[in-house]
Structure formats: structure tokens, C-alpha cells
Amino acid sequence: MSHQYDHGRRDRIGMPEAVLCSSKTPTQISAIANELAQVGNPALFTRLSDTLVGEVDASITSAWDHDSTSGTAVLNGSLPARAGRVAVVAAGTSDMLVAAEAARTLEFSGVSAELIVDVGVAGLWRLEQRLDEIKAADVVIAVAGMDAALVSVLGGLVGSPVIAAPTSVGYGVATGGTTALNSALASCAQGVTVVNIDNGFGAACAAIRMLSMADRFAGGQP
Amino acid sequence: MSHQYDHGRRDRIGMPEAVLCSSKTPTQISAIANELAQVGNPALFTRLSDTLVGEVDASITSAWDHDSTSGTAVLNGSLPARAGRVAVVAAGTSDMLVAAEAARTLEFSGVSAELIVDVGVAGLWRLEQRLDEIKAADVVIAVAGMDAALVSVLGGLVGSPVIAAPTSVGYGVATGGTTALNSALASCAQGVTVVNIDNGFGAACAAIRMLSMADRFAGGQP
Amino acid sequence: MSHQYDHGRRDRIGMPEAVLCSSKTPTQISAIANELAQVGNPALFTRLSDTLVGEVDASITSAWDHDSTSGTAVLNGSLPARAGRVAVVAAGTSDMLVAAEAARTLEFSGVSAELIVDVGVAGLWRLEQRLDEIKAADVVIAVAGMDAALVSVLGGLVGSPVIAAPTSVGYGVATGGTTALNSALASCAQGVTVVNIDNGFGAACAAIRMLSMADRFAGGQP
Amino acid sequence: MSHQYDHGRRDRIGMPEAVLCSSKTPTQISAIANELAQVGNPALFTRLSDTLVGEVDASITSAWDHDSTSGTAVLNGSLPARAGRVAVVAAGTSDMLVAAEAARTLEFSGVSAELIVDVGVAGLWRLEQRLDEIKAADVVIAVAGMDAALVSVLGGLVGSPVIAAPTSVGYGVATGGTTALNSALASCAQGVTVVNIDNGFGAACAAIRMLSMADRFAGGQP
Amino acid sequence: MSHQYDHGRRDRIGMPEAVLCSSKTPTQISAIANELAQVGNPALFTRLSDTLVGEVDASITSAWDHDSTSGTAVLNGSLPARAGRVAVVAAGTSDMLVAAEAARTLEFSGVSAELIVDVGVAGLWRLEQRLDEIKAADVVIAVAGMDAALVSVLGGLVGSPVIAAPTSVGYGVATGGTTALNSALASCAQGVTVVNIDNGFGAACAAIRMLSMADRFAGGQP
Amino acid sequence: MSHQYDHGRRDRIGMPEAVLCSSKTPTQISAIANELAQVGNPALFTRLSDTLVGEVDASITSAWDHDSTSGTAVLNGSLPARAGRVAVVAAGTSDMLVAAEAARTLEFSGVSAELIVDVGVAGLWRLEQRLDEIKAADVVIAVAGMDAALVSVLGGLVGSPVIAAPTSVGYGVATGGTTALNSALASCAQGVTVVNIDNGFGAACAAIRMLSMADRFAGGQP
Amino acid sequence: MSHQYDHGRRDRIGMPEAVLCSSKTPTQISAIANELAQVGNPALFTRLSDTLVGEVDASITSAWDHDSTSGTAVLNGSLPARAGRVAVVAAGTSDMLVAAEAARTLEFSGVSAELIVDVGVAGLWRLEQRLDEIKAADVVIAVAGMDAALVSVLGGLVGSPVIAAPTSVGYGVATGGTTALNSALASCAQGVTVVNIDNGFGAACAAIRMLSMADRFAGGQP
Amino acid sequence: MSHQYDHGRRDRIGMPEAVLCSSKTPTQISAIANELAQVGNPALFTRLSDTLVGEVDASITSAWDHDSTSGTAVLNGSLPARAGRVAVVAAGTSDMLVAAEAARTLEFSGVSAELIVDVGVAGLWRLEQRLDEIKAADVVIAVAGMDAALVSVLGGLVGSPVIAAPTSVGYGVATGGTTALNSALASCAQGVTVVNIDNGFGAACAAIRMLSMADRFAGGQP
């Protein structure tokens, strides 16, 4: 059985070629990576833990560029640089995996990403110190677990698109991230949008969709 | 079958005599109120909608002091005034029923209550304008539905006890108040405590427990 | 107790002045509307059922422009027209209330909105017939209940930002809209974002955030 | 304690003899397999991970035919070939375990199964390329996790019985497969039926019931 | 905005033209019915309570054939009779609405349906008395709420396709039908399939898909 | 910190001295067992996996009588034999751990227990073969996972007290045992009672309460 | 379609003939009652609200004995008196409907029932005052909503069978009774059993099963 | 990326500097600990399992004071002693981890803590024996899993603030602690407050807020 990739996806809708590894076996990942290496298109592998990397074919691990902090690997290089800046704002150190996945997806896609961490609302002054940087970005990705209060506070202070990426960080009622997700969906700040729990990759893709639209918008407006 | 009231509760643990009406029939409420009217102790009736009041015995409705905004009625007068001030802080108009229930329970119990509404974090400047008032209170009750982000923001700004009373206000994932409840429980602010959804009465009782302890503490410290 | 409105919100983050009516009493809505009528800023009232309208002060109902299909009312006129076109795409007639709320919020905010209904994926040819119209929009709002399969299909065909507004339409496991919500969040299409169940207003606000960003982006690109 | 097998099941209702291994100890599996080996009837073992196989009696592992991809083993050979073709259609590589369990159950039961993978709706053209093959099958098993949008799209394009086998593939709200399950149950396509999450075996048994009925139907219709 | 019906659906996949009324307004139902009346194709309206019927245009209520027991109406006559018999087996009187919806959908589609009620497993002899009738059917629809034990018992006794239609009948943990649904999905009987809670219409459509396949199967077998 | 055992429990309410090990550390279990060994009263340890036993003090493992099948250990011997017979009826091999825990608790308490396995309702004839044995028991404990249909079938056939012990056996919607639990609670058979998921110990204790009552009843009836 | 009653149920398993009315239409209830009136066996109707009674055939309402407090009606008289006493212990007035349903079911079945109300554990002295009465009963039914702490306290003080009937009384997390149900199932007191939420009827039937067993036990012990 | 600590938190709101370790990597914990060691402020590390400690930099493990029972470590010494006594009351040995985390947080913060274990309500006499000690405390932390009945019993006997810390101890419906949490929130005792599941640290912080308030109260009352 050979795979049937959607290589036309970037042309069709501007989304990068990407492989979600967490529910695949090392054998499956190796097979996919080998096929993509032959095709030669830039590709991103996500949810790639160090353990999983250790079980993949050696030929692949020497070919791709793996980054432990974000659990991602890049094969066949990145995409060309493009206009637009995205701020990835994370409440705390524990949200780092998701924030880094978002930042690396953006960088792989040629978009400039700034990572701003440790600005949880329990110490509001920390967010206020970084607010000008955040306001200067075209799109804001808010990464937060537990109560995800950061999402509403950001949404009330910033007029740019705010994409909430709730994380599974926390224990008790926060376990698994449903509380952060629902809190972001029920946000009292208007016009905040949300992606799946821990979906840093998806938040980055959403930002890319917005920047591509802005590009067309800029081109089409006399 | 006659009722078996816990008239000693105030002496035993300092909690007011109170009747939760929402799951009782008008006949049951009338019977209880008549018995309490004869005993003569001050008593508070909660979750008493206008509709329910209209179905209770006329002798009772002329005897008690009913307030529609909080859905409460006071029978046989209030308890003596005592030291301590509580700030009841509500995110928006829709949280008014719960906030007013808390405030009326406090007033019935002789505690001074200040109601501060419309300070949701989507417009953070509104909360900042009232912050000095809130900081001056001995105990803060934070009333909020939807994402309940107000709870974490308050908990990070104020050192007093913060009691979160999540409300069932909202729709979609906010329906029924579970999102607000879980958000408050998972709050990134340290040492915030929580009561059941829509339980303004319970939040007030918790504040009374704290003020009573402080009274004893003040008395017992040389 | 007077209300404390966030009149600076539009200047601060570009969001329209809006009042969510579903969890407020007719008395509260009348009070708020009277205050806003005096201020004179354009304001939008949402979740305003015909029943609720019937219980509001007559002075208000003659002042605002109420629309039953979307359950909204506009007070003090709409905001000035601005660039950008949004396609509001709904799976079926039952999703009309949410789709119309999104469309009316956009129109109130000066944004051109096109409503495309009856394009559920059970009859895929219907969506294909309208695809060129949808692709021509700057932002797409996908309104769907039940399995919300429309979201993934649209996300795979269109490169613009796709905002999913899941609806509470359906019965059994679809009751309340959680299945549609989770389906949209777990979408196999990259970069789709999601708002709360039945939140047509929020989806429109998210689109406005994106168009405002594109405006700035267009201005800043030489 | 000896086991009490239901050896008459195939005669009674046409279902194959099968043992679900995932909640049994290696000792229990060995005991059952030894008893079945003596009886001599063809039997299928499902949910048999490589780890579990490593802990079972060596006499058994040399007797049965184990397949890692589907996590199944066949003891005492397969059942005789019979009429009818089933298409097992899977959204992606990650759904392979469940799809292969369905295909192997069919083959063990003498039914011809065709496995069609990587046809998720995010790239709809891939499904369209394979549609004629799928339409030619008597029964279609749709295997999909996450949003399971494949189920509705297939159900709208194909008139044959469509059996949805939702999978536990995914993270966040997709964890455990409930979103895929509910999405399939709430499908906007008419007459789709559903089996338990990850139940490839059950989907195959349902297809066998349908083919047996068709056999009788063919025989009984003049 | 005019509607965009999927009139080709019956030709494409053999499913009847049907309108789910429960989440539509009387105005929407009237508009759809008027358009369908002009087209002239047979159409089925489901989830049509007596209350809803009372609010629909009089021209429609005189044109269609409404049945209170099943909450359905037939417009423009039924479809031609076809081969195949379906047994609709219901645990108790309370499951009647769903069972009747299934039976009426079948009859509207030209399929012979037999309704067998009051055979819950708490009195197993009642089911055993009717077992020969049930075994004689081509397809069995099992309608049951609460614990839905009827599904597993039937699935173990009958070799035909068994489609479970769980109902929302019951209280406490049975409220809403999730227990019946999950019980049917987790059935210990092999190859049972399931439709959404209360979805008598969908169960009937699934049976029609199976009978159509059997028709083709019969035709294609020499 | 020394422990404060409830040694009077057997005299007070007739329940055996028992220690739930699954949420205790090996150190805690060793300390408790050493204290109980000195006291000398018969005691039962439950949820004692082989792994856990391997980490407990050797002095203890030589003192108690551990049984792997039920995950229990008996210290200081069993209680005296008493009248009454209990049938522990389990649907399948996978339910063995819970069934054996119930049987061993009964035997430790001096009550005669008969274990009847592999009588799931998917093959009803197996249950019918053992029905006379089951009817002869004073109390019936029904152990079943997945859909727990055995509970309702037994409850409809037997007049004795039927105690359902739902198990966590199964996958998908059956994961964790909630479906079996809810199915048992919603049973269509009258007067069935239920204990917590996997609580074989509690089911046995409930049977002991009933037999003790019957003892008193027998003594008190002239 | 005529009904197929299980008139042999009392002979077979000792359970009373009973009709659950809450999910039946007035027409269905009238039809069933008329048939049962002709048969002449004593029958109990449960969940029969005053509203529902008002819609049933007048011939029935004059024939049966309806009681509003318990929502039950008795047709054709009660069953003969038998040995055994059951204490129905309820936490508060709000639990009265369920407690009265249990008591009336017992009385209809010829069993003596004592109703003890207002003994919630928030005022533990009230329970202690009635403890001797409760201990004197053969079986105890504990009726409680909210946290259902009464169940564990009773289970620790009483050696008789304790059947928990959790109620749907309460708001917030207590809504619908799931918290009370789970609290009773997770009770720290050994050997407590549980019935479905609000199932006073089922709790009474369980008590009858136990008393019947005790009867046989008494007869069979020399 | 350097961390941005909230060192002013103790001055601002009186809360101790603390690091939640459970969702951080050993590398992240080491980095944070090294930075805090240089700053020199007393800091508490929580959720620090022995396994995690073994993976942290050796320089850190020699610098902090780690305690396995509570899973905490103290760096740079404790805070100065202050007035106030807190009773930490736990139902059983299994709740020890959470109870010890609360006690250690208090001791680190300079507050006297008394640990009282094995007072579950299944043996009520044990609690009654310790009641005078508990009543003498200024604040009571009630630590309990499963049904958390201890919370309501304590809340009814003690007038001081009662903070419930529900634990994840238990199995079946108790798994994860939601039943204990909801039971505490729905407590029939007035004015009990609740923190997140297993949040011994948060319960201690809440007690500190209350004692700080009492300190100010004592100072401010003439």
C-alpha cells in the first residue's frame, strides 16, 4: 500500500505540507519521510517526541532537522520568507511545547514569529510590560492552560486577530485542557477564535491564512 | 409530618437560618415559613422567584420582606450589625442575581456589603478604576460567568481572601456555569477558593466564617 | 447602581458596542438601551427573541431597528462602510438564526456580508456550485450544526481564513452543539479556527479583527 | 474453572468465533487458545498487541497466524470464501490499525475486502479519484478519527450501506474518539450506521450480517 | 433567499426526500412545504409535533397526511412498493414515538414494516413468543431506551442485520438517551450497528440502504 | 503519625476489616499490615497487584495469604463460617478479577460463594443452562462490563436480591466502565441495586448486610 | 396494537405490577389503565404528576387512588400485608417526592414503611436523635440529593442493608443528581448499594427482594 | 529566553514564591531553580516526585530540602513564623500526599499546621474524638477523596472557615477526583469553600489569605 499525499495543498489553499506523528508508528513515520524525501518538497513533522525520533530510521534522522523543544522536524528546508509578524504569547514555562510548535511552524512557513513567555495574568504587570511588542504584531497567538485567563485579557487589550491555543497543562479540573479550551471559547472578549487543545501547529496555520488574505487584500486595494 | 429545624446552627457554627426554596413546592415553603414565623428567629429564604412568591400563602408574603433582584426574602428581621466589610464584585449585569443574593445574605447577617458591577476583564480599565475600593475590603467575593477571567485577575491583584462565585450566565460551552466553575478552580492565582455555581448565598456564608474567625483572632491576640 | 459601559472599546480594539440580551431581564435591557440611546453611539443588541422584545419598554422598541430572523436590534444607526467581503456559509435552514446574526453584525459594522445557505455536505454538488463565490470572499464563516462536516470540507477547498461557528441544531448526540463544536476543533483541515456554539456575533467580530489587520497590512506594505 | 464457549454461534447467527484479548491476561489468553486449538474450529483473536503475543504460551504463538498491522491472529485456518465485496475506506495512515482489523476479520470470514487509505476530506480530490472503486463495493466501512467528516461525505455520495468505524486517533477534543463517534452518529447523511470506537471487528461483522441477508434475499426472491 | 433542495438524492443514493422539522420555525416549514408541493415529488416531514402542525400554513396541513403517533407527515404520496420486510421491535410503550417514526419512514419508502412492541428483556418470555416473526424479517430495527438490553439479546438471537435505535426514554442516568446509546455501541453481540438517539428515521434509511444492496446483489448473482 | 483503625466496625455494623491498597504506597501498606498483624484480627487487603506485592515488606508477604486472580490477601485467617449462599455470576473471562474479588471477600467473611462465569447474554442459552443454580442462591452478584445486559436479564429471571457490580472491561464507549454502570442503574428490571465500578468487594459486603438481616429476621420471626 | 403485559412477574420474581408514566402520553396511560382495570390485578402507577392526572380519562381517575405527594396512583387495591419494616430516611423536605414514592411502593406491596425526614448531616444531632428508630428497621432506604453525605454517615452507623436513592435536588454541580449518585457509589461506607437517581420505586423494590429472601431464609433455617 | 518571575508577589498579595513542577521538564525545573537560587528568596517547589528529583541537576538537589511524602522542596529556607493555626484533616492514609503538601506549604510560609488523619465518616467516632483539636484551629483544611463526606460533616460541626481539598483517590466513579470535588461544592453545610482537586498547595494559600486578613482585622479594630 503506497501513500497518497496531498502535494497540491500549498498551491490550493496555501497550507504547508505536514505530518502529525503522535498517532503513527515509527515504521509508518519512516515510510512517509522516505517518500517525502524523494519528492523533495519542504515538509514539517509535528508531535515528534525524542523517544519517537529514537525509533525512526537513521537515514531519516540524519536528513531532517529535529528540534526537541517544539517536538518538530523540518525536511527539505523551509519555505521562502514572506511579510507579516506573529506574536506567540504564552502564560508560563509549562506552555512552552505548544508555543514552540506554533513558532516553528511559522518559521518553517517563512513567517516571522516572536515568542513571549511568562506573562500569565496572576502577575498582570508582566503582560503590561510586553504589551507594546504584542500590539505591534499583525496576529497574536495566545497560548495558555489552566483557566486560560490570558486569552480574555489579551482579547480586551489588542485589536489584532487573537488566536487562542489552549494547552493541556494543569491537574484536577485542568487535566487534558478542556477547562482552558472552554474558557477561551466562552471568552468575554469579542472576536477571539480558538483552535484544538495543544494545537500550536493549527494556530500557526490559522495565522498564515490571515496573512495570506491580508497579502491579497493589500494587492487588490487600489 | 412536622419539620425538624436546626435552630441551634447559628449558636453552633455561626451560620444564619436559611431556607433554599427552588426545589420546594409552594405548599412546603408556606408550611416552613409559618413554623418559622411562630418561632420568631430571623430567617432568610433564597431562590425565591416572583412566580414562586405568587403561589405562597398570603399570610407569609405579607410577613416577610421579599426582594426580586436577589430572589430572597427576610422573615423576622435581620441579625445585629457586626464588624467587617465585604466587596461583592460582579463582571456584568447578567451576574446581578447571584451578586445580589450574596449581598443580601451579608446584610441579613449584619455584615456591610459593597456591590461593584460591570468590571469584566474585557475592559480592564474599569476594574482598575475600582481597585482601591476592592482592596479596602476584608473579603472579596468575585461573581462571574462565562470564562470567569475576573477571578484570576482579582486573585493576582488583591491579597485578601477571594471567594469565587461562578455563575450560569452564558450560552454554548458556558451553559450551566461549568466553564466558569472550572476556570475558577484552575485559576492561576494562588489561594482563590470557590463555591458552587450561582451560590451567592454560600459565598456570603464563607465570608462570614472568615470574619468570625478574624473576630476571634483579634480577641485572642494580646 | 448605574452601568459602567466600555464606550472606548471601538477605539481601543475596533470592536462594536454590543449587548448580549439572553441572560438579562427586560428591565435590565430597557435600562441599558435607554442609557445607550442618550449616549448616541451605534449599538447592537443580540439574542433578542420576539418574546423578549415584547417585554421591553415601548420607547426602546420604537427607537431601535429589530430583526426577527437574526434576533438582533440596531440602535443609533450602523457604522460606516469599510472594505472587505465576508461569506457566511450555512449548512441548512436550521442554522439560519446563527448565520443571520453573523451577517447582521457584519452589516452593522459596515462590512459587506453574503449569506449562502443549504450547502450541507450530504449533497456535495450544492457546495461545489457556490464554490467560486465563496473563494472570492476575504473571510469565510462556516455555520453548521450536527456533525459540522461542512467546516472540514470548506477548510480543504478554500485558502482564506475559515471561522467555524458551530450551532446547537440537532438532537441526540448533537443536542446543544457540542458535537459540532468538537468536530470543528478536531477538523482535519489545517488552520480553521472556531468560536463558541451559536456565536454568530463572535464569528463576525473575528472577521472584523482580520479585515482591520489586513487594512493596516495593506497600508503598511509599499 | 473451565470456559463455556458459544461454539454454536456461527450456526445460530453466522458470526465468527472470536476472542477479544485486550482485557485478558496472557494466562487467560493461553488457556482459551489451547482449548480452541483442541476443538479445531477456525477462531480469530483481536486486540493482540506484539507485547501481549510475547507473553502468551509458545505453543500457541507457533500455532496461530499473527499479524502485527491489524493486531489479530487466526487459529485453525479461515472460513470458506463467500460472495460479496466490502470496501474499507480510511481517512489516513493513523487509522490503519482499525481498518486492518476490519479487513482481516472479513478475510478470515471468507469475504473479499479492499483497503483504501489516505482519502481524508481535507483533500477531497483524493476521495473523488477512488470513488468508482468505492461505489462498486456491496458494503462500505468508513474508518475515520478526529472529525470523521469522511463519514458524511461518503454517506452523501454512495448508496450502499455505510458503516462508520470511528477511531481514537487524534489529540485534544479528539482524544479517545468520542468526537469522531458523535460526529458519525450526528451525520447529515441519511442512513449511515455506526459501531463502537476502534471497533473494526464489529464493523466487519455488521457487513457480514448484511451480506448474509443479501444471500438469503437473492435466494428467496424468484 | 430561496432554498436549494437536493432533489437528485433519491436517484443518487436511494434515500427519500425528507425534512427534519424540530429545529425549524413554522414559517420555514411552511415555505419549504410550499416549494415541495409545487415540485410534486413525494416528501416526508419528521419531528412534526401536533403543536408545530398547528402553527403551519393551513394550505399545507390540508395537503399533507399527518400522523401524530409518529410525528410525521407525507406530502405528494408515498414511493412505490418494493421487496424486503423490516421488523421494528420496541421494548415498551414509551419507545413508540421512535418506533413509529421508523415504521412510517419505511412505509413511505415502499418497504413493508412490522411493529412489535412490549418485548423488553425484563420479561424475556415476551420476546421469545415473538422470536419467529422477528427472525423472518430481512432487517431488524431494535428500539430501546434506558439500558437498551434488548439490543444485545436480539443481536445474540438473530443473524440478520440488527440496527439499534436508542431512545431518550427514561430518567436519572437514562435522561437524554446516552446510556441506551452507549449500551448499544458496547453491545456484547457481534455486528450490531447503531444510529443516533431517537433517530427512527435514520434507522429506517439504513435498512433501505441494506435492502437496496440486497436487491442489486440478487440481481447480480447468476 | 500512627494510624487510627476502626477495629469496632465488625461489632458495630458487621463489616469485615479491610484495606484498599490501590492508592497507597508500598511503605504505607507495609506499615498498616504490620500494625494489623500485631492486633491479630482477621483482615482483608484488596486491589493488591502482583507488582505491589513485590514492593511490600517481606515480613508481610510471608504472613498473609495472597491470591493473584482476585488481587487480595488475607491476614490473620478468615472469619467463622455462617449461613447463606451467594452466586457470583460473571459475563466473561475479562470480568474475572472483579468476580474473584467478590468471591474471596465472601469466603473471607465465612459466606459460601459460587462463581459462575461465561454466561453473557450474547449466547443466552449459556445463562439458561445455569439458571437453576443461580435461582438457588440467597443473593446474586451480577458482574458485567461493556453493556452489562446480563444485569437486566438476571433481574428479570430471578426474585432474589440482585447486586450489579459493573466492570471497567471494554474499549471505546465502554472504557472505564461508565456505560456498564449506567446501564445497570437504568436497568429495566425492578429492584436491582448497584455498586461502584469494579467494586467486587463492596458487592460482597452488600450481600453480607443482606444475609445478616435475614439472620436477624429468621431469629425474630416466630 | 394491544399491550403485552408481564402479569406473571409477581409470581416469577415477586415484583409488583407497575407503570412508569413520565414518558407516556395521557392517551397511552389511559389505555393501559383501562386494560389493567379489566384484568383486576393490583397495579401501581408512578411519576404521575397532577398535570398528567388532569389529562387522563375521567373513568380512570375515579377508579384509582392518586396521591400527589408521591406522584403515584393505586388501581385495584394493595397487596396483602407481609413481614418486615423499612425505614425511608430523607435528608430534607426537597427529597420528599422520592421518599414518598418509596414509602408508597412499600405500602402498596404490603410492607410497613416509616418515613424519617430532615436528618441531613449538616446538623448531625438530628440524625443521632432518630438513630434507634433507624437501627430497628430491617432495611434502610437513604434518600438524599446534593452531596448525599447522609448515605455514608448512615452506612457507617447501621449494619442493615442500606439502599441509597440519590435525588436530583440541588443546583449547579448538583443539577440532575449525578453528584449525589456518584457520591453514593463512591461511599466510604462498606456495602451500601445504589439505585438510579430519583428512583424511589426501585429502592422499594430492592427492599422487597431482600425481605422476600429473608422470608425464605427464615423458612429454610431450622 | 530568560524567565520573568513575579518576585513582587509576596509583597503585593502575600503569596509565597512557588513553582509547580508536574508539567515542566527536568531541564526547565533546573533552569528555574538555578535562577531562584541566585536571587536568594525562599521558594517552594511542588508536585516534585522522586522520579523527577532524580532527573534534576545535582547542584539543585543538594541545595534544596526535598520531602517525599509531600512531593515538595524548599529552596533558600522558609519564611518567618507568624500567628495562626491551621488544622489539616484527612479522611485516610491515601489522602496523605495532598494533606502533606498543604501542611508543608503552611510550614514553609511560617504558619503552624496540625495534621489529623484517618477520620473518615464511615467510622464517625474517630472524628468525634479529635473534634476539640479541630475546633481549636483558626482555619480547617478538609482533605478527602471518594465521596468527600468528611467535608459536609466537618462543615456542620465547626464554625471556622472550612476549605475543602478534594483528592483524586479512589476508583470507578471516584477516578480523578471529580466526585469528591462536586460533592464538596454541593455540600449541604453552609459556607464551605473548595479548591481544585489535589490542590493542597492552594488550600494552604487560601488559609494564609484568611490569616493575613485576620491579622489586619486584629490590627485595625480598636
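Lettered A, B, C, D, E, F, G and H in written order, each chain numbered from 1.
Here is the rule we go by: a residue touches a chain if its C-beta (ideal position, glycine included) is under 8 Å from a C-beta of that chain, and two chains touch if they have at least 3 such contacts.
This is a predicted model, so every value here is computed, not measured.
Looking at the partners of subunit C and subunit E together, the chains they share are D. Chain centres were defined as the mean of their Cα atoms; on that basis the chain farthest from subunit H turns out to be E. Counting C-beta pairs in contact, the pair that comes out ahead of the other among A-C and B-C is A-C.
Among the other chains, A has the CA centre that is most remote from the centre of subunit G.
Matched by residue number, over half of the contacts between the chains of C-E recur in the interface of B-C, chosen from F-G, A-C or B-C. We define each chain's centre as the mean of its Cα atoms; on that basis subunit A and subunit D are separated by 35 Å.
Chain geometry summary: the mean Cα position of subunit B and that of subunit D are 56 Å apart.
Here the CA centre of subunit E is 42 Å from the CA centre of subunit F. Under the contact definition stated at the top, the residues of subunit F that touch 2 or more other chains are 122-123, 155-157, 170, 172-174, 178, 181, 185-186, 190, 196-197.
Of all possible chain pairings, those that touch are A-B, A-C, A-D, A-H, B-C, B-G, B-H, C-D, C-E, D-E, D-F, E-F, E-G, F-G, F-H, G-H.
Taken together, the subunit B residues at the contact with subunit H in this complex read 12-16, 18, 83-84, 138-139, 155-163, 181, 185-186, 190-197, 201-202, 204-218, 221.
Contacts from subunit E toward subunit G in the complex involve residues 93-94, 96, 115, 117-119, 122-123, 125-126, 145, 169-175. Residue ranges of subunit H in contact with subunit G, taken from their complex: 91-92, 120-124, 146-149, 151-153, 155-157, 170, 172-174, 178-180, 182-190.
Across the interface of their complex, subunit B is touched by residues 1, 3-6, 8-9, 20, 22-24, 28, 32, 47, 168, 176-178, 181, 196-199 of subunit C.
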